[in-house]
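Across the two complexes that follow, chain A remains constant while its partner is chain B and subsequently chain C.
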Partner chain A sequence: MSKNTANSTTGADGDETANATPSHANPLVTVDELRTYYESEKLLGGKPVKAVDGVSFEIGRGETFGIVGESGCGKTTLGRSILRLEDIEDGTVTFDGTDVTSLGRRELKEWRRDAQMVYQNPTSSINDRMTVGEIIREPLEVHNWKTASQRRDRVWELLDRVGLRSEHYHRYPHQFSGGQRQRVGIARALALEPEFIVLDEPVSALDVSVQAKILNLLSELQEEFGLTYMLIAHDLSVVRHICDRVGVMYLGTLMEVGPTEQLFESPSNPYTRSLLSAIPQPDPSVGADRITLRGTPPNPRDPPTGCVFSTRCPFKIRQPEHEQLTDDQWAGIEEFRRVIRERDQARTTVVQRAKGQLGLGSRFTPIREVTNELFGSLSYPDAIKETLDRATELVAGGNVTEARDLLDEEFSTVCEHDTPCQQGVTDEQSSRCHRHSQEYQEPGEYLSDSGEYLPE
Partner chain B sequence: MEYKPLTERVREQPRPAAVWLLGVALLLAVELGRITAGLVSAGDATVTALETGYGGLTNALAAGGTTGLLSWVGFVLLLALVGLAVATWTRATVVLRVTDRIPLGPQRLLDGLVFGLAIGGVGWLALRTGAVELGSNFGDVLRSAFVQLGDLPTLTARETIPNQGYQTPDGSWHGTFLGLSSAVAWAVRVLVVHLYVAAWLGWLWVGFQRYRTYYRQADWTPRDDVVARLRYHRWGQFGLVIVVLFLTMAAFAPSLGTTTAEQNLYAPFSNSITYYDAGLGQVTDTLVGNANLETRSQGYPGENVGPLSYDRFDRFHPFGTLTNGKDLFTFLVHGARVSLLIGLLSVAVSAILATGFALISAYYRGLADLVLVVTGDTIMGVPRLLLLILLTVLMADTWLGGLYDGGVLLALILAATGWPFLWRAFRGPTLQIAEEDWVDAARSYGQSATGIMRLHMLPYLLGYLLIYSSLVLGGVILAVAGLSFLGLGITSPTPEWGRAVDLGREFVATESWHISLIPGIMVTLVVMGFNAVGDALRDAVDPQSDSGVADASETESRGGGV
Partner chain C sequence: MSDTSQNETETIDRPRLSITNLRTTFTTDQETIRAVDGVSFGVSPQQTLGVVGESGSGKSVTARSILGLVDDPGEVHPDSEIRYHDPAFVEEVARTYPDRVKRADREETERHTDSFVTVNAGSGDGKSVTVERGSVDLVGAPDSVVKSVRGSEIAMVFQDALGSLNPVYTVGNQIKELLDIHQGVTGATATERATELLESVGIPDPKRRLDEYPHQFSGGMQQRAVIALALACDPSVLLCDEPTTALDVTIQAQILELLDRLQRERGLSIVFITHDMGVIAQVADSVAVMYAGEVVERASVDRLFDQPKHPYTKGLLQSIPGLTGEVDRLPTIDGSVPTPNEQATYCRYAPRCPEAFEECDSIHPEHVPVEDGIKDGPDVDHTAACLLYPESADLGDRLRQHRASDDTTTENTRGSRQ
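On to the complex of A and B.
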């Protein structure tokens, strides 16, 4: 369990490194500081997309570990990186004591027998030009598994096991429904008797009635063969239904890890809270107010400094003198900073620079219109008002970077300076947030204090 | 329902299959002589090639010094390559049984070497023990039996329905089929040939229907829809008719011609014909070459033999004669053979290159793709006609230029300059296929790169392969004709359509218009036919692609030609 010490590099609360996740005596999969970057525009000097940026967790034997998060947060890339289907940038994945990131080609092929994947889209995950029998048999053939007749028997057995009939052996996949095709995909993943299966949103492309059947099938199979699952999903109810532990991902980073019920009942990370509050309540008159997040997730090519969630976090730590601002006032400032940040970033792109050189007008609305719209109906204390006005002047004068620096100096806090480390909240739950440090209020306390939101 | 092998399914219900096979046997029987004769000549050619190869090999191996050493090294390398092919194909391995400490790459190569040496050893043993002698004796016996069979009369042969004869003043014909006139006898033979082809096509269709009704286990496969869509594609059917006529022309050229190519085109002064000479008042012989000199089409009424007419030697010319008095129809049917062989060879080579490169660029992407894009675009960037002329002239004197009167060279040059067009058309769809999850899944359970390309990507390319190949084939035929028209490519006397167009160029506006016009129309029709078939296949395989789409890659490869 070296991962917590490994990433306890933050200055503000380095002393707070607790033993975060539960220590499995002998975890099957250990992921340590895994990073996967896509460098599509390397030749043009572009920044890499940080799809997975320093993720650490463990999966115990026979456990179902869920990964949830918005689309585009890097869940699928994480799963594929663990299976070495992506080239990883840094970090290690240890499977049953072996470091799979350093395996050679042949060892990798051998290891692939133990770790398989079930794909999201049943129409594209199996080859339509092969019969169901050929599809399920292929992994066996690739690994020269026993004799031809034994392979066929094995396929029949698998078909029966996943709820298909042996007469389907010679059918083509297009004759099947989505649920049946997914069963074929599951049978193929099971063919080599793996220990570990990554389920990449296995039911999200299926009808609701079929979803339950497939989930039950997966549970039965897990019991029967002692499988370990990593379930990637965005459907929180599915995760709550079958996962033992859950990790919450945001922008390539694991924000919170903990046992499912504990995490759903008492989320500690602000992002988890916002995500859970997005679950629709059957009865609108009951339950908590929803925490609505502003804006969209930032571009993973250019993630925010400090905490990745800092640009949207409703629990963001403010400088003491700003604690008294109302949420509307604060939101206006945050929005203003976002606008200026975007402009500053856009100015550095090649196209914008070229446009500037050619004297072509920029695509931005004049800054005064923006400020009028943002702050028109709000009133601020004089000190803040003065800062905002100065920033507006600077932008109008073309000094966007200076304006950004000015606002950063005035409003930024630890959330934007330092990357929070993963800290234990309870024995089994760990979360990345500066509010877990002693000098700040916990997210839960902050909420009830401010009175604006009710905790779930 | 359990899977049963086809043989078992047939055994359970043998009647439809038996009837169909009986029909096939009947169709084969009427042409048995021709088929066995073809087999004998193919076998002879193989034996000669093997003997030459073996002789050269033993000489080279026996030679001392560097030559001998190099020959040995080359020989062992060749064996290893053959062994590697065997090892890859059968997935068998010896090395893995001995040790598993060798990485996959070297293990393959080592396996190849072991298999190659084993093959070499078996061959050597066969030589030493006299097994080869025994085999060769057995082969001789077999050959003589086949030669006997080859003498059997066949339905579509010239000898069965002869059309070359002469007419005496009383109006009766001698030497022709049933005493019919030469034109009618020829027409009967042409009809019989086409009926025979039609019978084959019909019977194959019946076979497919019977398979579908009685033996196929699946009630429905995607191919059924393809067939159903083709049944209502009139434009494609028109193309198919043209293509079938063209293929028949190429396949049955010796039977379709009014005279033989040997007699009329290649060696007219070594063959003679019999005719009734009105001046002498008796039946006499003359050399074909001399007769040709008097039947030339030179553009004025006194010296012209037009379509559907007899010349003064009672020879019937369905399409008239050429400027040198040779029969245009015979010239064209044999020219179809040349065009088709060049076209098929060239399209096959460029399709193989294009498919391989498309798979590589889609699977590996990155640098491999970039290199291929640059190479392909460079070749496409050079004006093709210029490149063709340049290469044809440059290579004409090499040994390659001598094969098949320059036909092989032309085919290879067309393939070398034409593959980027096909590859461009394949690259897009292949990139799309490489993105599919099943490719990723195959990687996740350890399928090899070649395995993924072969099992999970190639099957999806076959449709495109068929479509674009048929589109390009028309273009190649056009290109060959164009080059012959310019006096490049296929040399005289080998018949080539483009040369006929060239020969008749001066006479287009005269009595002898047929020399240029008929071959010109035929080239146009054939190219159109292949394009129509390609269109129809694409529409049938991929109904979403409308025939009117302005897809850049499609127009590129459709342009074909020069």
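On to the complex of A and C.
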């Protein structure tokens, strides 16, 4: 697998107009502002789940492009949308100069010869009632590929190519191990000689020693057939090993794109930094010097305003008067805001509300207990303390939304107001973060200034 | 009574849970699968033992055997020993079963063949015995004793968090049920305790969470709730079976941090089972590497990653992507893990081992120190079951050593079977 050996240059920080995606001379796949929404409760005026929300990138020929992110960030939906296995809301996918989003049924079927997918779960992605031969032959039959005997020969050839034996033709999937099943899935994807394969977590379900073999097989096949891969994974070490370029996704948005080594060595986006530092290193001498993100990714049905990562970001821009707060103090405030946000969103039934009003006990922990727990051992400057106390009073009085607004007023900054745009950090690396703008410190500088991983 | 003082010096490193020659077999019409075949290890208070291996190596069955959770046709061999060493618990059991106590600290007048409680240091007799040092063998113990260990003394956290929670009861309900069964705590006190537990595992706004169902929790929160359940009865040993495998790295980091904090706060002994070498490096103090039902190498975590000795451990470490730096091909281990279905009279790793030689097929390697003659230092506990060790001895000596210990173990098993 050829690694791009692009040198990183210190780029134009804060250049808003910089072209976000590095231009490939002749990309095979171009994704532009792709959006895929899942809309339920539409009739009732519900909000759609924005699984993929405005993603743009390019994949060069023969390249392996990785997509990483936590579960639920929309990476699988992105892969499926590119292959048009999902109905997209907006945006275009261009494959070899053709806009595939506008293809009709017949053209789409024709195009699918060139673009295939390998699925994550080797036990459920192949049909247990068909023999391995039939499974691999099926795409050939669907596309009326040559004659029956040529198809059979092709299957034998494929079996051999992916490291299975010809007598496996008549066996059933349950007779195979996980690694062998994944080989069957790969053979099926290869059957029609595609140019582009979306690999959706191809090795996540496998043991390391088997995983290594499948990764090696994928590399060999890429070299032999000149394939272009898009690898979706949550295992960052796999991505680092196999990918030329990587995109990091969070809540339907591409946070950072760049050449693999550059991205792993000098991540610029706060989310990438946090994600990378969370990987357990197989080396006990490495200290646990990591950024532990608090909380979980927000609900994509109700994403935070502004930057999608703002609710968890350890590098969040603060208002100038709050810069002096310690990490613990700031964390307390953030946690308090999270609790109030969750309460504001939690649906309360009529009965529960009535019970609360009659003083028959609430399903919530009394807010004063929460604040005692959060702020008990901390002391804050008077102005902040006053705001926090006022918010607590409001919640105690049942005005959760007002408390939320009050805290937003006091503590929110550009991170919660505006969506950051994708900016070039270096020639090939681009990232979405307000800190890349000139008026703020870069995430890296912010770190080195504080001398610690988190600001003191 | 008099010998308590002389034993005090060794109390520090004494394991809280020790397993000797554990064998768990699954018998079917066709064959007997020796899923766990002669595994030994121990874990001390405040310590974390990492058990690492590929799927099918017997990691999970080991953990389930400890808690007596192996179902038919699985069977823990009666010669196996699973000893729990908590003095308070041993005393309680010794008082309940006075005629099944073996006094290792004094000359016995009568011998009990079916004793499962061993008292190594203590005083008194019968129902008023006090135990300072002793152990309960969970293999020989009656079901009621095993049941009282489960949850209250040794608890388990499973990989599939959602699967180990009941979907039709609220999380609070499940915790309260547990408190009721094990400790007889009910009503408002139970609610109070449940709230505290959820809070201690870092679930914000715990009281609201008590009334929610497992599916309303995120993956990481579910695992936290499962840990809260495991801790409900204040166990001293926690068996974690791949607790973070199904989670994202950022959430995994949170859970590992949580376990670390709980260990410090409660002095827990943790047995951490995983296939992820990265996680092992982060959480474990010592490591046991399992292969086809056997422990093939045991060492402190630093030693293991620094100087892996067994060829399997070396292969496993090399096949991790990203660790070997910029390489086009990952080194792999040929073949796949065999199913251990017969008594090992050979090295089970030999068919895949790049360093195998002729004798590997005829002698079953025993655990030996990787280097001979070392009395102290970090190397003393580093053992490997491989004919290449001890490194300092020549081939003939090594073979003799392995063959001799192999014979005695086989004889022992044979003898006790009669």
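In this section, the second predicted complex is superposed on the first by the 412 of 456 C-alpha atoms of A that agree within 3 Å, B and C clash if a C-alpha of one lies under 4 Å from a C-alpha of the other, contacts with A are read in each partner's own complex, and residues count from 1 in each chain.
As a working rule, a contact is a pair of C-beta atoms (placed from the backbone, for glycine too) under 8 Å apart; a residue touches a chain by one contact, two chains touch by 3 or more.
Source: prediction; values computed, not measured.
Enquirer: In the superposed model on chain A, is it clash or fit for chain B and chain C?
Expert: With chain A as the common anchor, chain B and chain C both fit in the superposed model.
Enquirer: A:192 contacts which: chain B (first), chain C (second), both, neither?
Expert: After superposing on A, A:192 lies in contact with chain B but is clear of chain C.
Enquirer: Check whether A:83 is in contact with chain B, with chain C, with both or with neither, and answer first, second, both or neither.
Expert: A:83 contacts chain B only, not chain C.
Enquirer: Looking at the overlay, what does A:47 touch: chain B (first), chain C (second), both, or neither?
Expert: Neither chain B nor chain C is touched by A:47.
Enquirer: Please name the chain, chain B or chain C, that touches the greater number of residues in chain A.
Expert: The partner that reaches more residues of chain A in the superposed model: C.
Enquirer: Could you read off the angle at the CA centre of chain A, spanning the centres of chain B and chain C, to the nearest 10°?
Expert: About 80 degrees, rounded to the nearest 10.
Enquirer: Please indicate which partner A:35 is in contact with in the superposed arrangement: first for chain B, second for chain C, both, or neither.
Expert: neither
Enquirer: I'd like to know which partner A:172 touches here: chain B for first, chain C for second, both or neither.
Expert: So A:172 only meets chain B here.
Enquirer: Looking at the overlay, what does A:390 touch: chain B (first), chain C (second), both, or neither?
Expert: neither
Enquirer: In whole Å, how close do chain B and chain C get at the C-alpha level once superposed?
Expert: 13
Enquirer: Taking the stated contact definition, name every residue in chain A that is touched by chain B in one complex and by chain C in the other, in rising order.
Expert: The answer is that chain A has no such residue.
Enquirer: Would you tell me which residues of chain B are touching chain A in their complex?
Expert: Counting only chain B, the residues touching chain A are 1-3, 91, 103-104, 217-218, 220-222, 436-438, 440-448, 451, 455-456, 459-460.
Enquirer: Under the touch definition given earlier, write down the residues of chain A that touch chain C in their complex.
Expert: The touching residues are 1, 3, 70-71, 177, 179, 207-213, 215-216, 219, 234, 236-238, 240-242, 274-275, 278-286, 288, 290, 292-294, 296, 335, 338-339, 342-343, 346, 363-365, 370, 373.
Enquirer: Given the complex with chain A, which residues does chain C contribute to the contact?
Expert: It is residues 54-55, 195, 199, 204-208, 211, 218-221, 248-254, 256-257, 275-282, 284, 301-302, 305, 315-317, 319-323, 326, 328-333, 336 of chain C that touch chain A.
Enquirer: Which residues of chain A touch chain B in their complex?
Expert: 80, 83, 85, 104-106, 108-109, 112-113, 116-117, 119-121, 124-127, 129-130, 133, 138-139, 142-144, 166-167, 169-172, 174-175, 185, 188, 191-192
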